[in-house]
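Consider the two complexes below, in which chain A is the common component and chain B and chain C are the respective partners.
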Partner chain A sequence: MRAVLLGPWLRAGTGPRPHPATPHRAPHRALRAAPTAPNTACDSQQRLPAAGRDLPALKQKVSVEVLDHLEQLALVDFRDSEGVERLQKAIQFADQLHEVNTDGVEPMDSVLEDRCLYLREDDVTEGNCTKELLENAREKVEEYFVAPPGNIPLPKLEERETFLQGSK
Partner chain B sequence: MGVGIKTRSGSGRVATARLSAQPGGPRSQWAAAFLAALPIVPRGVAARWRRAAAAPGEGEGRSAGVRRRRRAGGAMLRTSLRQVSAALKDGRVTPTELCQRCLALIKTTKFLNAYITVAEETALKQAEESEKRYKRGQPLGILDGIPIAVKDNFNTAGIETTCASNMLKGYISPYNATVVQKLLDQGAVLLGKTNLDEFAMGSGSTDGVFGPVRNPWSYSKQYKDKSVPKSHSEDEESNWVITGGSSGGSAAAVSSFTCFAALGSDTGGSTRNPAAHCGVVGLKPTYGLISRHGLIPLVNSMDVPGILTRCVDDAAVLLGSLAGHDPKDSTTIQDDFKPFEIPNLTDFSKLSIGIPKEYHAPGLSSEILALWSKAADLFKNAGAKVVEVSLPHTRYSIVCYHVLCTAEVASNMARFDGLEYGHRSDMKDSTESMYAATRREGFNDVVRGRILSGNYFLLKQNYEKYFVKAQKVRRLIANDFVKVFRSGVDILLTPTTLSDAALYTEFIQEDNRTRSAQDDILTQAANMAGLPAINVPTALSERGLPVGLQFIGRSFQEKQLLTVAKWFEKQVQFPVIQLEEVKRHDSGVFQHKKSASFS
Partner chain C sequence: MAAAVAMAARGCGGVWRRARQRGAGQPGPGPGPFPRGQRAVACNARGGAVPAGKSGLVPWVPVVGLEIHAQISSNSKLFSGSQVQFAAPPNSLVSFFDASLPGTLPVLNRRCVEAAVMTGLALNCSINKKSLFDRKHYFYADLPAGYQITQQRVPIAVNGSLSYSLCIDNKMSQMVTKTVRIKQIQLEQDSGKSLHDDTRSQTLVDLNRAGVGLMEVVMEPDMCCGEEAAAAVRELQLILQTLGSSQAVMAEGQLRVDANVSVHHPGEPYGVRTEVKNINSIRFLAKAIDYEIQRQIEELENGGTILNETRAFDSKLGCTVPMRDKEGKQDYRFMPEPNLPPLILYDAKSLPANMNHQQVINIDWIHERLPDLPSVKRKKLVEQYGILPEHSFTLLNEDGLAEFFESVVKQTQMKPKKVIGWILKDLLSYLKQHSLTVKESPVSSFLLADLLNLLEKKEISSPAAKQVMAIKAGNQKVLNKLIGLVQKKTEGRSNPVLVKQLLEKKLSE
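Coming up: the complex of A and B.
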């Protein structure tokens, strides 16, 4: 096995101890071990944001009201406890952002922020494709897309068929 | 499910070449050559393929002329885009013949599951049109008649575009994405749409509704020689590795010679990751260089169409055809883009390569670390300045991406309501309940999870804390790069992935988000900052699987990036994949090499 340190090129030569590359053992197993293996020498520089194993405990669990609100906003359901778990983990993961000091930093919307957005002339250059556009719609009448009646809010949590129903 | 790589005798049993099946057997000759610190005489990738094409085969007793023609036509699949284009021009092969061979190969490699839709009829029609043009002596350009595959999240008129999701199953696009239109306008032959993770969310190409994509290298001689299957019956079924994602289908298609180039998309590494695992070149251009019109968006501020080819030169050809301002995509820059031929890199004294120390991430395999080190040595010995640099916010890039991606996904996926296109539920009670039911039926767990997370981060009470915070961190990450490039560094050299491709059975043991967080670490930051980046296949790992290294360049300096990449590619001489299927198609060329599987 050859020398593994990127010696001349990295001054922080005390990289994480390399795991032996055994065939058929997916490297991901070792990856799972890596975040928990303390590496005090260059911890502050090399520590990877934990990918889900040893995250700081969530300050508070997301309330059912918020979960219900999310289901209504997103119009997708959590489906089962795994879905809710997924959200909790995602929030835990995102909480690591708060470690970064962003005082005085402007938010960045786009990498092309220092250029002018292209605006073209207000001329009609294409269109007249009603027929093609209607082809993909399942329900239509003449040139209209047909929707079920609107202005009816989604049923409340108690009446909706959702996993969250039982958890209130 | 019979993944039968049948032997010549058609016995139906799986037989694989076992030259050195025992552990400690001889390593792959190319990996050994590269890892041994011997000066490598550059012979050029093109030379290797030319040699392969000209090698005398045993033939089958047919007339010399036909044999020569068959050999020439057969070996065409393994040449580069430029070479096959020259062959088309010279009449050594016709577009229809090329197209038919590719389509036949797609059929035999169906077990890879690289293609969702094969547009056989339209492809043959396009090939015929191309043939007419060549006969008239008026080809449209270098791409005329070249078979190309496109990832299934690009709209293609008249061809189903599914994004590997139930939501768009049966959706026939009414228009071509700009990049697809550009390819067609230059006469390229669109073979089909390739498989991906659902809506390009994932890093394994395992989460689409059409099933996972298998890495062609799983079936290569190089991998089989190194692997020791647990039992004979488990042989092919459990031993295959993933392609990486999310453009896994495109990478597999290029890697298995079914097309000469493929389009992918790159939001967090989705082109470079599968390129590294499949041993092909994966180019992520600068954000704003290539039009995104028609690319079903994942993250509008980071998506770019990606280019997958077998060599760097081909990537430059594709780039030249696709780059440029598009009035239909206001995020494309208005500067003129001049297509270029990659010059030879001769003056290293002015070249400065940066090695970002934070990319020495925990979990990086020792093999890749060694390769990275050797690559740095290569540049140093050639006379370039190689320096260590620091991108301090690298480790937050993946967290930042997680927040921004889910937020933009929540917005972008809102258009799928079943009303105008795509899947529509039968629920009729109200518009909202119809939308909810449609989306419940159409999206898989991964997509739903990201939508819900995104909506959470965009809630009024969380907006500043998460979304705006992530945008600020994004600026810090982008500034890191600016500082490094301003200090005189031209190109950054980093690994592309933490390890070689994982076994599918191991990969699926963790969920999509965890895997993406692990696999995107080295590629993600370039998307944050909008910089061009390219994966160049470098060597084979101990398991016989490809490993690549990544170069990151300055914004809109693709010429410099590709110049360095091409030189590097020439130095490493990455081996050609040895696939039984392709050998059979390219009959007559490789028969002088005895293979135990042809009994």
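Coming up: the complex of A and C.
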């Protein structure tokens, strides 16, 4: 499996920056230990975060171990500090969700939750399209797809050519 | 890691020999976890701890839990309309969804849900009227989507139990009943098949199996040895086959068992567990578990530690070895399956009034139609025919034998208590010797009933009846003996070739 390079995606939207990128400083507003947000969940006047609004500071920076773990699992290449910056910003942005009081509210995990799950009859209606499926394969051997011998694991952090190495 | 590879290369016996030499003053002879001549039982059927290990000090308590995957017996797959069939041309039973092509969506198969509900009810589970589907992510060539749709948060059935029986001390006459708790049953997709071509350093992938419906049955770690696990799996297999929810043939991959094994001292917390995979038969299941228990005990007694790893059972060497691709802890990044709403099941009380009943699954309706489970069948056989409980186990253990027995009883005047002896001793041992199934028996129930009638009417003696059965079953030696007897009677005046022909003609009638 080749690593999916999400580095460019993470960097999208930011202009070129001088090296080295300075770490993001904490904004003026201090973060309370246990944010108890006002009950504004249904408040239609609650402002959505504007582009320039200060984001709450990250409770802790994303550690190198976590970044290494992410690179291995999701095969994401953070590539450079910009990529990591982008990740930290994304987490900070999502952390705003903590400002909403959700005590006693059932989580929703799909907008489909009230729909009826359709049940299909146990009939054979598909298949028998070997040729079509194999058309997509770069390599094939007698109607089998061909894959590498096993998962090729990402080498350990020490052996990888990743900028994370220097940060340990 | 290197040590483990060395172990695999040299064969397990060698390493254990070395381990013993390392410890000074170790008593006891010989190599290997299983000294020759001793049956490798890690616990007795009463659930006691393993008697003291080599050091003769504190006993060990082995803990065994099982994760069983049973392929659902259905025409089409869990989320698509491609066919479910063993041994078809590669990639011929694959739909666009199974191949994970973009723009395809899962559509749940009603039959698979019914199979899971039946199985849950048979295992005394609570059926969740609302269950959810999730995605379990990992990368492997035979999982084209990169995730498996399963039920991790809220599965379809929970908190059940399975009762099974064991013979104590190898004697059939003493059976003890045990129970293992069922944690949950969940519906999930099967993956495709990988064929490893080491010579060309590649893997060939066949997606025929990808997307086939599975029921994962998770058992709590209530067992303590290979024998218990084997008995529990055998009983589960019989139940699934009786229900028809799975054909549960291990050799065809319709029933796959992974064992979680750990050991600890009584009163102390559970030890680190290992997962043992690649077990292809019930016999190997018992062997693999007993081996792993012994391996862990030896490792710990020699001052080593147990790694929380996945190991494969090597049936040729009879040992477990670490599995290569499962290094390091997996993070499956579970998330709700966004394309499937919750699965809602109904019962008689909650049945919706104006829904298309093809879209409704009624748990009570299914409950009413469950067939007699093996435990009930055994009880009925004992009550109806006065046979011993252990006889009923043997009857049900052999496919078709119970029906054969009942058929003979119907056609003969001989009492069932006597008939059972002929079935279990004479017929069954013959079939076993020649590796035949009951269906392939050369002696039909009609013939056996006929023979037993003659015996009852005292027209023939018991040894004679046994001989006739043997001949009918094609035993050449006995046939020759008969020819010899005829010769004696006719004082050598009969033509042996003609006698043989006549006898064979008679026998084929």
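Heads up, the rule we're going with is that the second predicted complex is superposed on the first by the 114 of 168 C-alpha atoms of A that agree within 3 Å, B and C clash if a C-alpha of one lies under 4 Å from a C-alpha of the other, contacts with A are read in each partner's own complex, and residues count from 1 in each chain.
Definition applied: contacts are C-beta pairs under 8 Å (C-beta built on N, C-alpha and C of every residue); 3 or more make two chains touch, one makes a residue touch a chain.
If you're wondering where the values come from, they're calculated on a predicted model, not measured in any experiment.
Enquirer: On chain A, which partner's contacts cover more residues, chain B's or chain C's?
Expert: B
Enquirer: For A:Leu73, decide between first (touching chain B), second (touching chain C), both and neither.
Expert: both
Enquirer: Touching A:Glu142, do we find chain B (first), chain C (second), both, or neither?
Expert: Only chain C; A:Glu142 stays clear of chain B.
Enquirer: Thinking of the overlay built on chain A, is A:Asn128 touched by chain B (first), by chain C (second), by both, or by neither?
Expert: After superposing on A, A:Asn128 lies in contact with chain C but is clear of chain B.
Enquirer: Looking at the overlay, what does A:Glu106 touch: chain B (first), chain C (second), both, or neither?
Expert: first
Enquirer: Applying the document's definition of touch, where does A:Ala90 land relative to chain B and chain C: first, second, both, or neither?
Expert: Only chain B; A:Ala90 stays clear of chain C.
Enquirer: First (chain B), second (chain C), both or neither: which does A:His98 touch?
Expert: In the superposition, A:His98 contacts chain B only.
Enquirer: Residue by residue on chain A, keep only those touching chain B in one complex and chain C in the other, then list them.
Expert: Correct list for chain A: 1, 69, 73-75, 109-110, 112, 115, 117-120, 129, 133, 136, 145, 147-150, 153.
Enquirer: Can you check the complex and tell me which residues of chain B touch chain A?
Expert: The touching residues are 23, 35, 171-172, 174-175, 226-228, 287-288, 301, 325, 327, 330-334, 355, 357-358, 360-367, 369-370, 372-373, 376, 386, 388, 393, 395-396, 398-400, 402-403, 406, 410, 417-422, 424, 427-436, 439-440, 443, 445, 448-449, 451-453, 455-457, 459, 465-466, 468-476, 478, 498-500, 502-503, 506-507, 509-511, 513-515, 517-518, 521, 529-530, 541-543, 555.
Enquirer: Can you list the chain A residues touching chain B in their complex?
Expert: Residues 1-12, 15-16, 18-21, 23-24, 26-32, 34-35, 37, 39, 45-49, 51-52, 62, 66, 69-71, 73-79, 82-83, 86-87, 89-91, 93-94, 96-100, 102, 105-112, 115, 117-120, 129, 132-133, 135-139, 145, 147-150, 152-155.
Enquirer: Which residues of chain C touch chain A in their complex?
Expert: Residues 74-76, 80-83, 89-97, 99, 101, 107-113, 132, 139-141, 194-198, 201-207, 324-325, 327-328, 331, 333, 336, 338-344, 355, 358-359, 361.
Enquirer: Would you pull the chain A residues touching chain C in the complex into a rising list?
Expert: Counting only chain A, the residues touching chain C are 1, 69, 73-75, 109-110, 112-130, 133-134, 136, 141-151, 153.
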